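Paired with chain B in one complex and with chain C in the other, chain A is shared by the two complexes that follow.
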Partner chain A sequence: MREKAIYILCFLGACLMIWNLHHIFTEMAPEAAQGMAGWILFIHVPADFMGDILYTIALVTCVLYLVKKDLRYDSISVACIEVGTMFILVNLVTGSIWGKNQWGIWWTWDLRLTTQLMKFLLYLGYLVVRPAISEPSQRATMSAFIGIFAYADVPLVMMAIRLPNVRTQHPSPVIETGGINSVMLPFVIGIFAQLMMALALMLVRLHQESNRREIDSLRRELHAL
Partner chain B sequence: MTGLSTAFAIARKDLRTEFRTKESLNASASFALVILVIFSFAFNLERDEFYAISGGLLWLVYSFAGAMIVNRAFSRELPNDCLDVLITSPAPGWAIFFGKALAAFCLLLIVEAISLPVFGLFYNIQWINAAGPLVLIILLATWGMTIVGAAFSAVIVNVRLRELMLPVLLYPILIPLLIAAMGGTTALMNGEGLSGDNFGYLRQLIVFDAIYTALALYMIEFILVF
Partner chain C sequence: MDVTNLKFLFYGYSAAWIIITLFVLMLVSRGRKIDRELARLKSLVEDKERS
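Here is the complex of A and B:
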């Protein structure tokens, strides 16, 4: 059942993504200022949405784990954070390619870029420390703690880099400027395609985690014998 | 004993052991001095340019030294299972943590007090004119550093390679604090006050301290007793 769901989600996601690419490259005229390179934003923006959504789910499950002490919440947190971090990486890389094309540089210490990188590094810390703790319930508690601390840090970094002498180059979101109508469809399709990918990856990850829990409990039984 | 007096007792105990052995104090202070010397080779700058990066230099030194101090906060209790005894004692979890953070705070302030004059001396920076606001920034930022550092020290006390893991976790979390501390210190060194635009640095430090002190004190119970 679970395997079927994974295959179906992957297939649907891939279909949507291919259809979306086809639509973008054949139906849409290249954007005036950016040319073809501008279309990378249809991957860039949904990836950030996915990352943020997954991190928010992870925050909720981290808190739930600390309250309820159910290891399933820990599995959901780690699945969310791992997949979310991958999406944030996709966001950073595609953004960097876009920046090279538009600004002539791969990276600049701009408001959005910096916070995004910090988010990535914070959750990378979570993923690095996690495997170093061998006892399952201890690993879950510590990870939940780190997950909550990391989430609390993102708004602070955002405030910190708004302090004096910070400039921004990143275009403000099209949703805020209202220029969205013509590009709405590829964005929405892009979001749905990536959502399905995210769900499929999370299901794989959750499956791995439940296997790991089983292995842990078997190992504990073996030690008891 | 109430929570606070327990916390002070634990802080006193930690400081006493540290003053007797001086293991992390010596290591951290000499490390700070070594870093200060190495920085002088890293940058070949005019005097004015040193003023422009002074805040950054100072806080890099302090954060490196700080990681060494807070790393010991909980791992000091590992030999002879002292940590388990502390946790099973009737003292509330937050009091144990608060005491340890307090002790690390004092130790780090000592290291900073040693390295600040050396910093001024080596790089020919006049910090004495802005000593008042500078001390305020140092106190606020050091508190933020030790409270987060002690919390993570508790988190990773049982982790393999904890000396390597602490910086990986600690520095990204400290970024908002370090941005504010570095910016504020540089502004002070350049003769600006902490009013107007620069007040933001101070506000950022206060917000960071408040959020993480509350978060750490609240969550430490889950970390120590699980």
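Here is the complex of A and C:
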């Protein structure tokens, strides 16, 4: 059942991606100032969106773990954060390539870019610290605290381009500049395609976590024998 | 079709797919390691219970 769901999600995600690429290349004209490099944003923006959705789910499950002490919530948190961090890395790298074309530089210590890099590093820290703690409930508690702390950066990234008196190199979202109609479809399809991919990866990761819990309990059993 | 900056589009899409592929490969290799460890521990527990 789980494997079937993974295959179906991968198939749907692939279909949506192929359809989206076809739509972008056949129906859309390259943007005047950016040329074809502007189409990088159809991967860049949905990747950030997906990362933030997964981090928000992780925040909820981190809190739920601390309240209920159920290790299943910890498994969901780590699955969300790992897949989310991969999407944020995609966002950072594609953004850097887009920036090289548009601004002539790979990186600038702009508020938006810096907070986004901080977000990536904070969640990477979560993933690096986790394996260092061997006791499962201690690991889950520590991870939940780090997960909640790291989320503080998510609203900062969102606000970074909206704060008054802050000049940022990063463009405003198209939804706020009135340009949404022409590019709405590839963005929405891109988000759904990446959502399918994220769900498939999450299912794989959750299965691994449940196996890991079984390994922990077998180790305890072996120790007791 | 105007192909201005096609090079950067290629770089962007390639980078995204390379990251996703590496992540999937990492998941697969970790999954195999976990499965092996699980099988090893199960047989160890069975052996201990028998003896």
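FYI, the second predicted complex is superposed on the first by the 210 of 225 C-alpha atoms of A that agree within 3 Å, B and C clash if a C-alpha of one lies under 4 Å from a C-alpha of the other, contacts with A are read in each partner's own complex, and residues count from 1 in each chain.
In this text, contacts are C-beta pairs under 8 Å (C-beta built on N, C-alpha and C of every residue); 3 or more make two chains touch, one makes a residue touch a chain.
Keep in mind the model is a prediction, meaning the values are calculated, not measured.
J.: Output check: A:M86 vs chain B and chain C. Expected answer is one of first, second, both, neither. What do you get?
T.: second
J.: Taking the superposition as given, does A:F149 touch the first partner, chain B, the second, chain C, both, or neither?
T.: first
J.: Who does A:A5 touch here: chain B (first), chain C (second), both, or neither?
T.: Neither: A:A5 stays clear of chain B and chain C.
J.: Does the superposition put A:M159 against chain B (first), chain C (second), both, or neither?
T.: After superposition on chain A, A:M159 lies in contact with chain B alone.
J.: Which holds for A:I18: it touches chain B only (first), chain C only (second), both, or neither?
T.: Neither partner.
J.: May I ask you to decide whether A:I105 touches chain B, chain C, both, or neither, giving the answer as first, second, both or neither?
T.: In the superposition, A:I105 touches no partner, neither chain B nor chain C.
J.: Quick one: is A:M184 in contact with chain B, with chain C, with both, or with neither? Answer first, second, both or neither.
T.: Once the two structures are laid over each other on A, A:M184 reaches no partner at all.
J.: Contact-wise, after the overlay, does A:G125 reach chain B, chain C, both or neither (first, second, both, neither)?
T.: first
J.: Touching chain A in the complex: which residues of chain C?
T.: So the residues of chain C touching chain A come out as 1-6, 8-9, 11-13, 15-16, 19-20, 23-24, 27, 30-31, 34-35, 37-38, 41-42, 44-45, 48-49.
J.: For a test of understanding, state which residues of chain A touch chain C in their complex under the given definition.
T.: Those in contact with chain C are residues 25, 29-30, 34-40, 43-44, 47, 86, 89-90, 93-94, 97-98, 100-101, 197, 201, 204-205, 207-208, 211-212, 214-215, 218-219, 221-222, 225.
J.: Under the definition above, what is the set of chain B residues touching chain A in their complex?
T.: Touching chain A from chain B are residues 148, 151, 155-156, 158-161, 165, 168-169, 172-173, 175-177, 179-180, 183, 197-198, 200-201, 204, 207-208, 211-212, 215, 219, 222-223, 226.
J.: Using the touch rule from the top, collect the residues of chain A that touch chain B in their complex.
T.: 66, 118, 121-122, 124-125, 128-129, 132-135, 137-138, 141-142, 144-146, 148-150, 152-153, 156-157, 159-164
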